[in-house]
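What follows is a set of structures for review.
Paired with chain B in one complex and with chain C in the other, chain A is shared by the two complexes that follow.
Now for the complex of A and B:
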């Protein structure tokens, strides 16, 4: 069972038209495995891909991963059958492409209510991640993020967004700086996670490092990846370092000690520890634990 | 027929030739004098060893019907020696030869199969017969006797035990002088180490050196020495340099292979044997090269230097010398042009002959001293037995190589393979052909998890060290279940009763046989 706090450093797209890749994908270190019915599946293979995903998730479900199915968009002819298949397969999460308004999310959420009921699945058990892929989506990001309790994250897709904005897509990514900020703001406001764009040059691992560093600093919780080579690099940026964990634990210990002594203000190494610092420390420890790191003398 | 200690039914005699069934990796104790076919000779000052062409050399060697000829496989798929020599032999009308190269790689032009069909060759002994020849053999190519497959260490053992008597050794060398001093580092078709040719040179009744680059006397350095050489022939081309090895063997980009390589490097780093002065052998497969690069990173990070690296050498290994990360490399063969050049220029890149490398019945081979051995495989079973010969559709996919030798000798032998290939599971209940006994395999690393062999001598230390890490340790049965869960259980291959090849363990006992595939 996953929720808004589940670790989502990396989400690996795997095409549902490639059975071998689907079988191998769970062996890597991605947090989310996203079986894709949308862009990577040719139109003529949508039905076969649905069957493959259904059987894979139902009978060969990867362990210790968040299982996600990306369906085709609401306005496509594939959507209804995709949703029927996806809900009945019972993934942790459905990833909805090209979301532009809160109404769409409400509509899909209602559809999921109905399908869950028909399939005998506990109501509201499947999460949603909404892909924001257009200027309209960015303008409505705050409402979209808050539109359903099923929402666990928004994910930005740069290629479609820049096309909708008549922008040139660059590696440095200055053109999507504002959209990235908006997305993180909307997610923080709704208490859900923010997932960053794909870095599409799979051979430029230094570029990926640079991009991931910036993304992490901007507040994102993770990043979508399109190749297994990208996973460990991205994970490393969204996993707290030993130094960060040590510092966070010292902050929390100082606060605890202050409370015991009934102190109003607590300082560490001469610096006042205020609420944001505590929040960041708690977040660091939580992310470290979620990533499987043994924290603070755990065995 | 007898059942050996790994449960395989093996013959005790074929055509008067006797074998003992395999009983364990170190159960056979040799007690005889080392044998050789090498003859004394008399060379009068001024007498020439140069022969006008291959036919003249073959005639001068005294090659007759039914004799045994040998070759090395250092030119790999670029080899043009074997084809030229066999063609000359055919034209001379010599028949019924035993073909005993160190290995047969996939040589297509001309196909070795045709020399079997026309009767030039009627028996084969090698480490592997990959490619057209192997596929034809496994489908019943008519030979006088089943093919004898031996691991690299088994070949010098068999030669010194008198089981493989080489009448004429044809040794390709990229540079030679007129008196037979020769090497693999000079000339236009350098292949690097001639480690597999050395045992033939010192054991054969007659030795013919074949080169396309004749250098002034004396050729220095000399991997093959004049005192062992009877004849020297110059031909136009000894090989196709683009196939012998161009540039450095590149690192794979396959995420699956990289993952297996990275996990293997993690196992090595936490095995308890990864410390200053450690030693290893990784080889030249895609996973092996990637693994070498990962180990190299670890060595730099932890300031660890290796005492030696062993075996076949690609650029990834030879670069360790250049970066000062290893004291010496014991090179039995060189896998690419960079490694071949390093052989010429790096004094601590030592040309290691195949007997010193892996012969279990000499007074100490290098594999006994190696800490870590990384091995490739086609299949592994729940007893950790390894198949490196036969593929799922009855093709001859590989050679025994040094795998059984390194597994037996190394403190930690690590078999690396993907959980499944295409629709074929790699972890199974029972391997089709048993090549390396499971009792000599310490660890199996797949992309889906790592299994330790509870019956391996170093299991306690590996278990203790690896359980402290976050590496995913699973049982071999779990790996099998995962593999079969994805691929389903394949229908077993159907074979006739006809034995087409016997698989010798390194000590000369029979570990398995290969039967003809029923079409």
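Now for the complex of A and C:
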């Protein structure tokens, strides 16, 4: 079972109308496998896609990944059947597109309560990730993030957001800088994870590295990807390096030693270690452990 | 469940199966299987087809199966979709699934 601390460095979308992609996706290194009922499935195939997702998640579930189902929007004709299918399939998480208010999240969470009960599934066992795709979603991000204990993350979607804002989408991403900040702030306030936008050019790996570096520096916990070749690159930015881990352990060891000696102020390599540095070190060690890295003692 | 009209579900893409369902009044279940792995998995595929037909109470249908190496759960999903389309049912009884 996954929760707010589960590793979510990368989320790969897979169309639920493509059995070959659904079969191949578990062999990559994404942390989240997102079976999609929304944008990648034509209207004429929504019914068949639900059945494929249901049978795949129930009887051919990928191991060692967070299993996510993206349903259609709450205001679509597909939503009710999508939710019935998704809850009964028992994924780890349901991903909601185009969320704009806390009321929507509360409504969906209540629906999930009812469906879980009908299906005999333990209450609250399925998480939610809310996709923020419009200016209204960004304006309400803080309330959306805090709207349900099922929420484990918010995810920003740049294409729809920039369209709603009448912006031009660029690789540099300056136009979504504010939205990115707001999303991270909202997630930190609610104690959940922040997931960044996709990088659409699957042939520009240097551009992906640059974008991922910015994503990480801005405080995001992971990024949605649209092609398997992007996964390992993005994962590397959200996995602490050996150097970072070593430094973090030295910081924590110095603090511990200072505490033992009753020192009020502690320094390492000539620099004072204050609270934010300690928090960053703890975060680094936690991320390393979540990624399965053995974190030993200080060298 | 009655097969009222011709329906198709699935594709000829690798790892998928295309299933064409037609009414077959008075003819029971007539299954025509085409698969590259028929020699090895033919019996298993047919077993799945007949099981789904029993579960969905389909007793009369001509079923054409063009298998491209689909897993068992894909065959089930595609056949259920084809039956529901042929029976003109747009809502799945998820409780019975």
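Quick notes
Just so it is clear, the second predicted complex is superposed on the first by the 296 of 299 C-alpha atoms of A that agree within 3 Å, B and C clash if a C-alpha of one lies under 4 Å from a C-alpha of the other, contacts with A are read in each partner's own complex, and residues count from 1 in each chain.
In this text, contacts are C-beta pairs under 8 Å (C-beta built on N, C-alpha and C of every residue); 3 or more make two chains touch, one makes a residue touch a chain.
Quick caveat, the model's predicted, so the values are computed rather than measured.
Shared-chain residue A:185: touches no atom of chain B or chain C.
When the shared chain is aligned, chain C comes close enough to touch A:50, but chain B does not. In the superposition on chain A, no contact is made by A:291 with either chain B or chain C. Comparing chain C and chain B on the residues of chain A they touch gives the larger count to C. With both structures placed on the common chain, the touch criterion links A:60 to chain B and to chain C. Shared-chain residue A:228: touches chain B; no touch with chain C.
In the superposed pair of complexes, A:23 makes contact with chain B and with chain C alike. Of the two partner chains placed around the shared chain by superposition, chain C is the only one that A:81 touches, whereas chain B remains out of contact. Note: residues 20, 23, 60 of chain A belong to the chain B contact set and to the chain C contact set alike, using the contact criterion stated above. Residues 9-10, 13-16, 70-74, 76-78, 80-81, 84-85, 90-92, 94-95, 97 of chain C are the ones that touch chain A when the two sit in their complex. Touching chain C in their complex are the following residues of chain A: 18-20, 23, 47-48, 50-52, 54-56, 58-60, 81, 84-85, 88, 118-119. Residue ranges of chain B in contact with chain A, taken from their complex: 253, 255-256, 258-259, 418-420, 422, 447-448, 470, 485-486. Taken together, the chain A residues at the contact with chain B in this complex read 20, 23-24, 26-28, 60, 227-229, 292.
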